[in-house]
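In this document, chain identifiers A, B, C, D, E, F, G and H correspond to the written order of the chains, with residue numbering beginning at 1 in each.
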Amino acid sequence: LRQGMSEVIFCEGKTKDQVLKIFERMIERGEVNIIGTRASREQYEYLREHLKDDVIYYDTGRIICAKRVEIIKNPKGHVAVVSAGTADLKVAEEAAIVLEILGNNVKRMYDVGVAGIHRLFAHLDEIQSANAVVAVAGMEGALASVVAGLVSKPVIAVPTSIGYGANFKGLSALLTMLNSCANGVCVVNIDNGFGAAVVAHMINSLANQNL
Amino acid sequence: LRQGMSEVIFCEGKTKDQVLKIFERMIERGEVNIIGTRASREQYEYLREHLKDDVIYYDTGRIICAKRVEIIKNPKGHVAVVSAGTADLKVAEEAAIVLEILGNNVKRMYDVGVAGIHRLFAHLDEIQSANAVVAVAGMEGALASVVAGLVSKPVIAVPTSIGYGANFKGLSALLTMLNSCANGVCVVNIDNGFGAAVVAHMINSLANQNL
Amino acid sequence: LRQGMSEVIFCEGKTKDQVLKIFERMIERGEVNIIGTRASREQYEYLREHLKDDVIYYDTGRIICAKRVEIIKNPKGHVAVVSAGTADLKVAEEAAIVLEILGNNVKRMYDVGVAGIHRLFAHLDEIQSANAVVAVAGMEGALASVVAGLVSKPVIAVPTSIGYGANFKGLSALLTMLNSCANGVCVVNIDNGFGAAVVAHMINSLANQNL
Amino acid sequence: LRQGMSEVIFCEGKTKDQVLKIFERMIERGEVNIIGTRASREQYEYLREHLKDDVIYYDTGRIICAKRVEIIKNPKGHVAVVSAGTADLKVAEEAAIVLEILGNNVKRMYDVGVAGIHRLFAHLDEIQSANAVVAVAGMEGALASVVAGLVSKPVIAVPTSIGYGANFKGLSALLTMLNSCANGVCVVNIDNGFGAAVVAHMINSLANQNL
Amino acid sequence: LRQGMSEVIFCEGKTKDQVLKIFERMIERGEVNIIGTRASREQYEYLREHLKDDVIYYDTGRIICAKRVEIIKNPKGHVAVVSAGTADLKVAEEAAIVLEILGNNVKRMYDVGVAGIHRLFAHLDEIQSANAVVAVAGMEGALASVVAGLVSKPVIAVPTSIGYGANFKGLSALLTMLNSCANGVCVVNIDNGFGAAVVAHMINSLANQNL
Amino acid sequence: LRQGMSEVIFCEGKTKDQVLKIFERMIERGEVNIIGTRASREQYEYLREHLKDDVIYYDTGRIICAKRVEIIKNPKGHVAVVSAGTADLKVAEEAAIVLEILGNNVKRMYDVGVAGIHRLFAHLDEIQSANAVVAVAGMEGALASVVAGLVSKPVIAVPTSIGYGANFKGLSALLTMLNSCANGVCVVNIDNGFGAAVVAHMINSLANQNL
Amino acid sequence: LRQGMSEVIFCEGKTKDQVLKIFERMIERGEVNIIGTRASREQYEYLREHLKDDVIYYDTGRIICAKRVEIIKNPKGHVAVVSAGTADLKVAEEAAIVLEILGNNVKRMYDVGVAGIHRLFAHLDEIQSANAVVAVAGMEGALASVVAGLVSKPVIAVPTSIGYGANFKGLSALLTMLNSCANGVCVVNIDNGFGAAVVAHMINSLANQNL
Amino acid sequence: LRQGMSEVIFCEGKTKDQVLKIFERMIERGEVNIIGTRASREQYEYLREHLKDDVIYYDTGRIICAKRVEIIKNPKGHVAVVSAGTADLKVAEEAAIVLEILGNNVKRMYDVGVAGIHRLFAHLDEIQSANAVVAVAGMEGALASVVAGLVSKPVIAVPTSIGYGANFKGLSALLTMLNSCANGVCVVNIDNGFGAAVVAHMINSLANQNL
């Protein structure tokens, strides 16, 4: 009855002390590469002070990692993380960092939104050769459809809450992605870079399993 | 206090007789190129029987035109009407036919949805040389953004109600288009091919005015 | 610029003749296993009459297949299709049939909704050994989370429009699945069994690729 | 025309002084076990200073109780309060504390969300032997359905606003619970632990009445 | 792992034959008082023809009952079913009939909507003496709050889809009931008379258990 | 082309200086009883300092009045302002104060929510003898229907944003009031005590006109 | 505890026989001018056959009136009923007919929508001299604001469900009217011409009372 | 593949340093009239300090412009910017300033909301002679329809988030504008003065092209 990867700590809304307690408990259990998502710099600094062990903070992705151990679980191929605008960076980095910690090769292609589609085409090779693509976009979220039209591997679409007005905090991009007319798109919650990373990691692991 | 073009009859929800009465009144006033939109074949056949004058029916666009007179009001350049899928045809044709009756050159590019973006690129010249583009798309509605990224003229985006589930009868495409990250996009109501045609016609008229 | 699998025909809303035309064109191109989804029995019977070639109709899944050729593209392992209630059958079968035509082994587990969770546990082995799970559920859609908590492979969740009142035509199940607290869930549009099948097929293909 | 239990003070949005006034008036009337919900620590401290009488503060449940008198109104059996994640604690504790003050035995089972369903099964006996179950869950809110499938007593479901994105401040869990396919589920407002406690207390009182 | 009452058949959307099959299977298992909800007269007539056993049809409540056996499981006290307008009758009767088949005494008070509140007061005794109240109301759904203010037992509120315009198919009454400022209200899905009956039956059973 | 009463200043979102300017301009024009709504204490204090003239601040109603002159425009009868809970006070007072400044007799009946309906009945005479009733209520907003059922004069219903969860910032009360099954209810925007006061004032003026 | 006017029968959704029964009962009680709204021609014809008494049917307004007696309750002044488009006629006529039956003088001004504002100005006198205005409009519903800006009497706004796409069955016009920036607007439910008529009648009665 | 005007920097949500970097990069590229929208005074002051070049700040429109060069790209005619209330000023100025920087003549007509329609008529000439009209309005957003009814040139409607309650942050005005019954209206996102300016600039450029 286990989910196959260690628990990941969702830090938002937890006190510094609550976060510390959970990290300590997991360190005691001997776990490595312990991940905290949506973590503030304050939470990180509190951990760095109180944990005997090394802790790393990934700023843009807002991720804390304790007991960081470099492992390449999936040596064959990579996961592409593409994102539409600079404002989507946080979410894209959440996905990319989690993927790397879980042992995947990641290729980042940021700022390739559909309004300037030539930027996307400049990266066609790296996208088409990926085992899975994480496509992060806010506002109208059209990126996922365009990308899925260009590749034959699963595209995990992450709508972001970037935008204003009729964007309704990411609803616009979410609906766009759910209604994609391209084959091979599946969607996770608004801003859920972590969730997309887990799905992409599972897919990449399957692609690596028979080596 | 006049709007600058003759009244257009929205036939949906009107009885055959109500529609006939309005056409007769306008013919009496001496108007030509009288347009009825959202017209059924039944309404058309009733008119053909009862009007002494010639009436034309445009099937896909569901448009009736009485006293059809070929005029080219705007000889210079054209309006491009692009649409994403075959299901969007009705709305695209509503726009194209209205544009032609109002005296514009129209270039149609249908089935150029973003999931197969090479089809769109095959028409790049005709799109980029237009004075205005009407972009019709349902489902995720991403077409408007991609097109607007490729041209420097106004793009009038028409979301359609094509789709199911989280499409919510066109809401998805509507929000996508309102949130477009590309410059030069403006939006009309869901399925409102007629409305888009009027705006595009006004723009094309301005582009022709100083000849 | 190709998507890696032949086009699939969405038959809903198309006339019998339009559907026939598309099938004929694809047969001429020499394609096999040509799929039409959301097809009515009427559309099927029209095709059977007019096509020289054999056509098969899958009733519950509402799928037409022409030029059916049995291929096992992915011999290793299977995709599990689980569904919550008898009412979700249509969507689950759409997914299962498409998966089989594309060359995957499929294990069906229907009527395993969370209100009687022992029925789900009776199938634990078949679910946990799958390369990917398609989880189909309407009403509250809780099935996806429970299943994802039990397996370490990707779960593609399909909300259905089954239900009434505050179900809002599938919105309830859709939101449930997007908010899943279990790892490894991604979501497709309401009632989109076909879309889930394509994603699951892509994943299963990756899992079979290095054999 | 009385509701059968003394008024409870909803402290949120009231000034410290307004809260004090209401407590004083009720104490004067000779009431005991006077409850204030959604109370801040500041409001509590102000009361402790100004009231001659003892006041208790329950931190997690954000409840103030003045004139606390231990009574067991319902000696037979208990109410189970189950909750999905640590983030739902506040609401679960609001329910549990109110139930205890009203004179019920309460068994708490927290962190038994459906993504790790074995944790729920570990408490099966305590849940099945309860006279009523309060089920508190945010995000996808699937807990209520699973629990209701396991017991034959009423389940009062409390959606919480825990989550982000397509959670829409608890709407997701609310719809899930209203659409439960399991028998015996009824629902209260988002985050309304207090309301659930009152219904559960009324049910437990009926279960104790003929002793 | 059983829910404590036999399965109830939701007939809507099932073919006559499917419904017949399920009834036959349950009769074979020796069950009595087998209930089908949301049943059409056609489904009923088909069953009457094909089942060797007696079947009853409750018109307004749209309920089929096979193997009807009069039992009084809960002799002490009654459940009150109150409803606002004649249009809510169907849902109220669904609740009342299910309650009676399950063995409860039921007192019906229909057409006691809040716009003519004196009609409600005329029944005060029967409402206040009930072990539980099922309150059925569409449009603004205010009945549940007024009733809950008058009794000290649980009120199970059933919003109905009766209304038009800003009623949004029952959403209005649903929100009203979820926001009730009166103590002791819990809510089931729009039009879910059956669901309310099950909760009320469970409560009434607890109130009868120690006799 | 005039609206028949002097402009009222909506102070929210305006700087202290902007508000001052508008008051000064209106004073110069010789107006009296100049009203500012949604005014903060800060805005008031700034006006008191800088205006040569007297200014009054109504705290709960958040109203500034400059050049206050007591006039009774409508001597015959009164307007009743009823409200459900203490939390609705702000909005009720906005209505009451504006009504008084405009020259109406006002009778206030606060805290007469439907959960304790006897409190409402205690004021039956004052409500039934009013020329118009302003009914202010948040949460489920049932008050308007109950009141309208008791009187034969117009009831202007004001939904308030008081509540949480499925209240959706007043949407719940708004829908309730729009769906009122009682005759004679009309509705203004959420929290718009001012708007209700203007309508009630116009009605009361008509009731006084033939004296 | 009476509402001051006899009950009105909402015929939609009632069988011909149910409607007949209610009319018979009211005729027996000696009532006159008995009104049925949302009545179909079929219901009317059934009544004409079975009632000994005269019944009248108002086609566009879908109103049945039995025991029609011409009374002028309010001789002084009139109520103006203005509507935006021909499609809003049904609702406008529902209001106008009910107003006339209740004894008011009515002036109808139809097809005065804001897109051709000169048509509205042509009726300025009749609008400004009314005791109350009922403003009926679908689509964008702007009429109410423009009218309210021109008069100093109450404007009862009736949004209609006329429109398509982002009109969302009247939601668009409803929100427009609730947000009116003009003084003196109050709103009733979508398509609720009857409700507006009752409020306008009450106001006109007050304006006539002191004669 | 270029959009025909230089990139514009959306400053909201960017750090002072990020904004500075982008401005520096564009200055290096030799661009002039570099625009930053949604810019705070803080961002401006930081730029003024660190850039060697002159920078201008437009307060109300929240726009930064570096390397400001006066050019009149479109000498013939003007664009009219009309707005409803003082609260809509920010958005109207965003449109007006952007239009001026891009080289258009702009005529501003602010505070011409429909509740006082005579103020709008006072400017009829300037509106009717424009090549395009940008119509900015919050609350009920009726201005766009009234204006479009008076002119024969395109009206670009900008809903604003001004309002409260059922305004739902601009949704009300957005729906109004999308449903406009007047010809020639197209819509941009809520508060998107910039987007409207770009469309209006493109139209005005076309109107100037053949000189």
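One rule holds for everything that comes next: contacts are C-beta pairs under 8 Å (C-beta built on N, C-alpha and C of every residue); 3 or more make two chains touch, one makes a residue touch a chain.
Since the structure is predicted, the reported quantities are computational estimates derived from the model, not experimental observations.
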Option reproducing the contacts of E-G, where over half of them reappear, out of D-E, B-G or B-H: B-G
Higher-contact pair (C-beta pairs counted), D-F versus F-G: F-G
Chain A and chain F: spacing of chain centres that average the CA atoms, whole Å: 51
Centroid spacing, where centroids are CA-atom means, of chain A and chain G in whole angstrom: 57
Distance between chain centroids, defined by C-alpha means - chain B, chain F (Å): 47
Residues within chain B bordering two or more other chains: 1, 3, 115-117, 148-150, 165-167, 171, 174, 178-179, 182-183, 189-190
Pairwise chain contacts under the document criterion: A-B, A-C, A-D, A-H, B-C, B-G, B-H, C-D, C-E, D-E, D-F, E-F, E-G, F-G, F-H, G-H
Footprint of chain H on chain B - complex, ascending: 1-5, 8, 76, 131-132, 148-154, 156, 174, 178-179, 182-190, 195-196, 198-199, 202-203, 206-211
Contact footprint of chain G on chain H as seen in their complex: 84-85, 113-117, 139-142, 145-146, 148-150, 163, 165-168, 171-173, 175-183
Residues of chain B defined as touching chain G within the complex: 1, 3, 12-14, 18, 159, 161, 169-171, 174, 189-192
Residues of chain H defined as touching chain F within the complex: 86-87, 115-118, 164-167
